[in-house]
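Structure first, then comments.
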């Protein structure tokens, strides 16, 4: 661990002299609260200071992001454990290196209390499906309806075709503006389901760049922990078309210093994924997680 | 016989692509076929097929039910065309997927909204094709109809309809292709059966072998529909063979 | 039956005919001859109500409903059989008459064929039957027998004449054959783009032996002279 | 003039729908127009328009460049049709979106892959329309070509091409509509400009006013293209007006 | 020039003609008459190589390349002007001859029109010019003047005859006019579905005053008798 001041001083001096450009890293982002530290780091110049030229590509569609990752169009991307598991099983060598912090409230037309069975919109092969069970299974019988497109899922709830649905922040807050009730379940999930994954080739060829990437992330998280308003500001800035009213109503997660899910939790998700897809995953967490970058 | 040849060509291209890319995103055909043959043992596969077939068939019927009269009226009556065509031109380019929420609100999340979505997507190309076809009917035949004082019903039955029948088959062929290739949009919500659902779901899992076997089924379903359409055309357009 | 006065018909940049005045009494049979391009077809179109006059007036007893036109080109519908073409727009009641007429024109054996399977002369006869079968009060024929051999031609002239007279149909017929014009017409017009050049009654029209009469040849000579040099 | 009438009708329908649904998913037209007019002050809006226009234009050219010869060959030579048509029938129904991975690998995530995606989507309907059109060319004209010993080049130039020109315009109209309405697929990844991107981006954020103003622009872009196509057709098919 | 022996041509369920044997020497002018539907058009198609014989042999000096056919229906291309239609498949070198021929047929003023703007007879003349302008060694004409008035008809017979003789073209011409057959043909055939019914040389073919000779009328009578009763 080099002292930060030294690193930044070095880069600024060197930049003016050397002609050799910084190593580059292309990372896919989603319009989710998870992305705040990354954009904050970019905005503050932390990436270049740490010696990596990062390009953040914002995807509006999870499937396209996943495809870009599979085809090596990006070095890494914000994804989730369920996707990581299915991909790894399908011979797409991906490695999770960093848990990110997201938030997935429910939206409902009214309180769910008193209902026996609840119809809920979610996506089938997705962490939202897992979360839905975690949130509701103890108290209700869940009737799942799979609607992949988030705006479509929202309308299904608004129009009363569904009792509730699960939505990532900041989208949940947009839905709340439509008069829906936002239900937040503190403490669920026990560990983060979202994760940054890099392709195997990126890990092999750009190890030091990825290391710098994580260090910069850590610095950004520290900033956000000190002042959560920074996260709101940067999200409002980088996510197109966010209604201003959402700025103060969105439910921010607690941003954590670089970390990875525990083996136990990962195994639980592997088992759960198997029940949803109907396939058996003989995977060890170590096959898809690489803790080298988050070790202090 | 000719379909065997066509299939062979497609297989060869597929092998070549798989070999060049050497990536799991294009699995080798034999792997997919093995998976496909195995899945044919499961009842689920047939349900996927049947659900998709049902939605496509209903969607196409619904679309043609409106597209044929619309196209005919616009092609035949200049005054009405002045109203109909601009409306078609304005609405055709709309991205139908963006209207998913509206379809859901209006028609629920069941089969009805899926069918209507398919119908709306193919209505426009069908209506435009038929309108253009009616406009190309030789003026001689329309004069003949006037000269022999045919009633509107007779003009429709004896002149317009037979004259555009080949166009209607042409637009059927176009719309079959479109509606199969957009199945994934309509079967992307609140579906548990359907080839579109199966393909997208496999894709989400990065389960490319499954995805490709769904695609092969879709392709064969399309081929089957095309063979039916071509056959029916030969039957009902008798003079075409002369 | 038909009254046309001072009629003119313009195409864009071309005058089809002008200065045309004609009154046809019911039951009359008018033959029109004239050089190629002098406006004969256009005149029939105007009478049938298919083209509007640019000037002048035209009136028809019974309106255009009462009239039936046989076009110069056959315009058979390729998707209908011979019988289907003949019965275009008619009810099943006409099948008998249609088959009778097809038979008289030597086409009975062809009645289930499609037009693409017929010879030129056969197609023309089908188109002729199609215009006759609907028993119009006014029949407009545009060179109806041009594609026929001379024997068939004379036979069919006889058939048409009988049919028209029996049914009391008024006939206006364009032809290029002077002899045909004389045989068929109770009145004969020589048309020019700028009006009627020559007009004559044909008093021997009803005579059985018309073709062998000296009057026939005399009239032929007159008409030939009136037609003048080639266009 | 007729476009004003068409637009009015669409606006009336839109108002009615907005009024019936009374939901933000269908905002009232005037709200959208206000937003649109305001956004016309920004350079970005024009960039969205231009990028989409560029991609569509290139995609259509590319598609027609292959579809016209394919359709002509299949329509004209029976032996070749026996090979080409089954291949078309098998490939047409494929959900092109599922091939995004292949496009990305082969052509990256830049403009090239977007253009090729559009081209592939519209290639099939265009090829089928043109093939059907060539098959409908009256046999008389083909006999004429044989009788006068026209060389293949002359047959193409003097018979086939003018005979199917109206069909080509018809297929242009179909493909313009399709390619505009699928813009959202190709501009859904790694894009920062383009109407498809703008619409989808607004959609995923449930920003309906923005989405609709994008859609209005798309619709107007389509209308503009249609007016151009209809105008060019009147110019190059001179006999159509007679 | 053309040798046909024991030829037969079948359509599905129909024999167009059978038993047809004919040898045409270079420079000959053969007129063919026959009843409507007796297979004349089919014969020309076979000679032009557009339909295969079902039986028998057919050979052409110079192959089908050397021959040019004028169809019974005009088959003008609607997307080409008159001049464009005439020049179909030809280079610019032919413009002069095309315009000369159009002029001789009274169509010069129409050369920039589209076929849809012409009268029936005008269309037919355009089709005729189209078949002449390419100076074929063998010219096949299928009722080329059927839509023309008698004056134009005689004039054009003369024009074609001159053109054909000057250029040394071999001509096979189908017509329904017996007089036309005599005027145009150095040999005249009466055709039947089952072969040639009657065949005669026309020794006076070259005579200037042919139309007024007694041989002309004698031959006409013979041919009329040979044509027999209507089909």
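Letters are used for the chains, namely A, B, C, D and E, taken in the order the chains are written, and counting of residues starts over at 1 for each.
The rule is short, and it goes like this: a residue touches a chain if its C-beta (ideal position, glycine included) is under 8 Å from a C-beta of that chain, and two chains touch if they have at least 3 such contacts.
If you're wondering where the values come from, they're calculated on a predicted model, not measured in any experiment.
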item	value
Chains touching both subunit C and subunit E	none
Best-connected chain pair, where connection means C-beta pairs in contact	B-D
Distance from subunit E to subunit A - Cα centre to Cα centre, in angstrom	84
Whole-Å gap separating subunit D and subunit E, where each centre is the average of the chain's CA atoms	49
Centroid spacing, where centroids are CA-atom means, of subunit B and subunit E in whole angstrom	50
Multi-partner residues of subunit C (each touching 2 or more other chains)	73, 117
Per-residue multi-chain contacts in subunit A, two or more chains	70-71, 151, 154-155, 158-159
Sequence positions of subunit B contacting 2 or more other chains	23, 25, 97, 101-102, 105, 200, 203
Chain-chain contacts as defined at top	A-B, A-D, B-C, B-D, C-E, D-E
Subunit B contact footprint on subunit D (complex, rising order)	2-3, 5-7, 9-10, 17, 21, 23, 25-26, 82-83, 85-87, 89-98, 101-102, 105-106, 121, 124-125, 128-129, 132-133, 136, 166-167, 169-170, 173-174, 176-178, 180-184, 196, 199-200, 203, 211, 215, 218-219, 221-223, 226
Residue numbers on subunit A that touch subunit D, as the complex places them	31, 57, 59-61, 64-65, 67-68, 70-73, 150-151, 154-155, 158-159, 171, 174-175, 178, 239-243
Contact footprint of subunit A on subunit D as seen in their complex	23-25, 100-101, 104-105, 108-109, 188-190, 200-207, 210
Of subunit C, residues touching subunit E in the complex	11, 14, 33-37, 40-41, 72-73, 106, 117-122, 125, 142-143, 146-156, 176-178, 224, 227-231
Residues of subunit D defined as touching subunit E within the complex	140-141, 143-151, 154, 158-159, 162-163, 165, 237-239, 242
